[in-house]
Amino acid sequence: MSGTVSALRAEALELVESLHLPTKRDEAWRYAPHKTLSELTFGPATATDALPTDIDDQVPALDGPRIVIVNGVVDATRSQLGSLPAGVQMVSLDDADQSEQRSEVDAKAADDAFSILNRAYGDGGAFLQIDGQPTETIHIVDIAVPGETQNASASRVVIDMAVGSSATVVETRIGSGDAFGGSNVCTEISLAANASLEHIILQDLPSTQVHLGRVDVVQAAESNLRARLFNLGSDYGRVAYHVHLNGEGAHADLSGLYFGFGTQTLDQQITVVHDAKDCTSRQSYRGVLDDSSTGVWNGGVDVRKGADGTDSEQSNDNLLLSRQADVNTMPRLEILADEVSCQHGATVGQLDDEALYYMRSRGIPKDEASRLLIKGFADQTMDDIESDAIRTWITERLGHDDA
Amino acid sequence: MSETMRDIEKLTEASYEYGFSTDLDTDVAPPGLTEETVRLISAKKDEPEWLLAWRLQAFAAWQEMDEPDWAKLQIAPIDYQSISYWAAPKQKPVLDSMDDVDPEIREMFDKLGIPLHEQKMLSNVAVDAIVDSVSVTTTFKETLAEAGVIFCSFSEAVQDHPELVREHLGSVVPVRDNFFAALNSAVFSDGSFCYIPKGVRCPMELSTYFRINSMNTGQFERTLIVAEDDSHVSYLEGCTAPQRDENQLHAAVVELVAKDRSEIKYSTVQNWYPGDENGVGGIYNFVTKRGRAHTDAKISWTQVETGSAITWKYPSVILQGDRSIGEFYSVALTSKHQQADTGTKMIHIGADTTSSIISKGISAAKGQNTYRGLVKIMRSAENARNYTQCDSLLLGKECGAHTVPYIEVKNPTAQVEHEASTSTVGEDQLYYCRQRGMNEEDAMAMIVNGFCREVFDELPMEFAVEAQRLLSVSLEGSVG
Amino acid sequence: MLNVANLTASIEDNPILKGIDLNVGAGEVHAIMGPNGSGKSTFAHALAGRDGYEIEGTATIDGADLLEMEPEERAAAGVFMGFQYPVEIPGVNNMYFLRTALNSVRRTRGEDEIGARDFLEIAQKAMDLVEMKKDFLHRSVNAGFSGGEKKRNEILQMAVMEPRLAVLDETDSGLDIDALRVVAAGVNALRGPDRSMIVITHYQRLLDYIKPDFVHVLVDGKIVESGDHTLAVHLEDHGYAGFLNSGLDDASLSGATA
């Protein structure tokens, strides 16, 4: 284990003793179910015998290399790590720690209770280093299986993109069983100059569980991030992005879909920090909330002093399908630089009556027309996803619950 | 250095033209705040028992509360025990006519451009003048009385119309609402009271002019406006203070009650002393303003905030009745070391309620400007509509512009739209104006005024002119 | 009236104008033509006083040194620039903008300011000239205008400002044939013995409507040829190829003659 990593972990373990869980007063956790969160229990990762059944029907059918993490421990038998494409190194995080290979994204900035718990207990996970342009999609699967000693798992994913490299990485996050529990996954991504990463998160834990995701990204000059989030599962499903544009001309494009049913709360927390000249960022998220579900979108752009030439846009559009559904949206801007162009917009509404009427006048029954409109609204978030396997997975996932 | 930057530097040097102080013989209580202070204020004003009890309840609540820390403001700690909570110009207790107003006070208001002589007044505006928390005179009282409109100082209202005050005081902003509202409820010294009877359209604009004059005093005024069914009133307030090196506290509460089908239009031009270019001095302005709109009623807030070292205010509307309407139009300019955290809350409860928010923030020099707003659509608010537009203009490299909107929707029939943009005054815009013959300063003022147009359009004519002039003064510095 | 001698302009040490000599007499209309990037717009802005250029040489109007003046002083001296890309100023209505401009110039010249009512008459005449609708005066300056409306607005402003020297930079760009006719008719109506004009254009098309007394060809920062309006016709037939350095490749030529 490298010195820095172990020191961070030791420090975190000490902090765990006096941990304060976030409350309503913490902006980033304002709409979270605090009581539910207090019932999560964490501890050192241990392999589980209660292995999930065949996972292939729960994850997209991707052909490339795959690493599977169960309760924070890499499951070699379910992973496919033979014959990795050129320029790709993918190992268990413990192995990477031992060989001092870990990137050192400064994750200390994450000082909320669950980030600290993750640093303390998330020893296991995936380490991915790309120095080339692999064409195959790289798949990281995280499975939470609530156990006896603790109900929540902690794991980490480290993605290190070398200068000029490019790749597509998919993180599928699922769970097993119907007991209460969940997963806490932190991803550290660093993009060197001119590197380009498409990063997709498919969050689909069971509705009895909780998912807490955090993605820290540091981008060097002219690097390019495309982050896509499909936040679909869990009772409380949360993914927080912290993207730091550190090098001139870096570009971050984040978008996603949250589609809530039942009593789900789906929470997206996004902060993009512009800390260099001429960077561009885009945030574009859509939410559909049915039944008694709640959607939360807290998207911020933080333009630091000297980050002139910043160009940012944010949008968040929501559809409420039920009288009991809620949505809370906060498009934030903090600007300390000159010569910036920052725009944001947020809308909340229901299906367009005109469009419904138009479709019905053409003979489409109301329910079908509604379904088509909702599908049209949601599907736009996958417009630029190239992988058929992923598109199929999302479509089936939504169609299944929509029935 | 670019032309724009030079303009902006000049902007920061613009001086505060209301910075004089007047030597009035003033009755000031010693600094400090205890239950005794609250009792003293109440006794000085000869208040009924119920009002003292109400104040004491607020004081008890205040003692248990903490200052809010969520705003994006850096505030030096305020020592509430070093402030004097009572200061009043000494004068005859009852005024028989305007001629009885202390000539020095009259002169002070003349200097501010606010004539208190009814004969001298050209515009159709009734004025209540408040110095250091105490109402010194109210004009046009008789004309208003003919229409049945009550417009007087808060203290007079307590004596003359206790039932109206008692019914509505605290009905929109409860004593425990927030730290500063609780403080105000405990120690408020005076303010304006305004009552528009059923079906009456107030025959003239009502205006309160606030002036802090004494040193080391806080100003804690309370305004209550009640518009009965089918009535209409337009109300204006203006504020200035002398230039002093220490910060002075202003914590006001304004409550509006708009009953069925009534309309209240409330406009503010706030130009408290902003402090100097090094951030020394200036007013700390913590204001709670809220209105309750009943069925088919409309409440419209318009504010032009150019003064104060710190501005913390969120004029809000509780859209309680069906089809009620709430509006918020705001221009906030922060220059020098000024900080403003301002915005609105629109709470939609009734069906078919509509709110619109237009906010224009201008940041220059080392100013920090935050729009903070909440649009809340409750489960019961069928077919509620909100439109929000939030624009920021940045003039310089040392300033900041922040936008923090909260949108909470619990009803699927709601339509909520929020748009925001950030821009700077373009070199090309300035050049274009100059090519047409305007000097830089005029061009700058014109462009900034253009940016604020939608808000100025909401102000009554006299105030719109004043607001434009204020912005131009802030942008002043004369280009050679 | 306007005398320009050995005028050079550069941006960050990149020379754009490399020594322009031009004399424009009272009442004369001069056309300056040239391919993209030859320095036409820079010449216009050098006269109007835009920031960001290093300027050398001389330019005087009626003997007064233009180069020493701020943009607004040049406007007061009678220089009007019709912008190729008129600037949008949201929230400032046209009427207010124009009246402020006119009165600023009049104040500088020591003339009386014009009251709102008289101004309305002046504006009305100008609006008729460029066939603008009534609501136009109450719209924000150029904000949300179509390309044609923006250019007509420039001519309207010129009519109100009554300049000594009008410099029209690519006034024809982005106009359809009807708009071009309106704009050209406006310009022609404003010709007079005391008003000189410099019409900058890429195409000869505009010169079919506005007949210049002189035509100059600007290539690579220099006037390489001067003549009467027949020169424009020659350019229409032969393009700028004959005037370009042999070092330039054909790609830019085809652009220039398209």
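Note that the chains take the letters A, B and C in the order they are written out, and that residue 1 is the start of every chain.
The rule we apply is simple: a residue touches a chain if its C-beta (ideal position, glycine included) is under 8 Å from a C-beta of that chain, and two chains touch if they have at least 3 such contacts.
In this text the structure is predicted, and so the values were computed from the model without any measurement.
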Target chain C, source chain A, minimum contact steps: 2
Chain ID, smallest distance between chain and overall C-alpha centroids: B
Centroid spacing, where centroids are CA-atom means, of chain A and chain C in whole angstrom: 55
Between chain B and chain A, distance of the C-alpha-averaged centres to the nearest whole Å: 44
Centroid spacing, where centroids are CA-atom means, of chain B and chain C in whole angstrom: 48
Complex interface listing, chain B residues touching chain C: 2-3, 426-429, 431-440, 442, 446-447, 449-454
Chain A residues within the chain B interface of the complex: 305, 318, 320-323, 325-350
Complex contact set, residues of chain C against chain B: 48-51, 70-72, 74-76, 80-81, 83, 86-92, 96-98, 100-102, 104-105, 108, 140-141, 157, 161
In the complex with chain A, residue positions of chain B that touch it: 377, 379, 392, 394, 396-397, 399-424
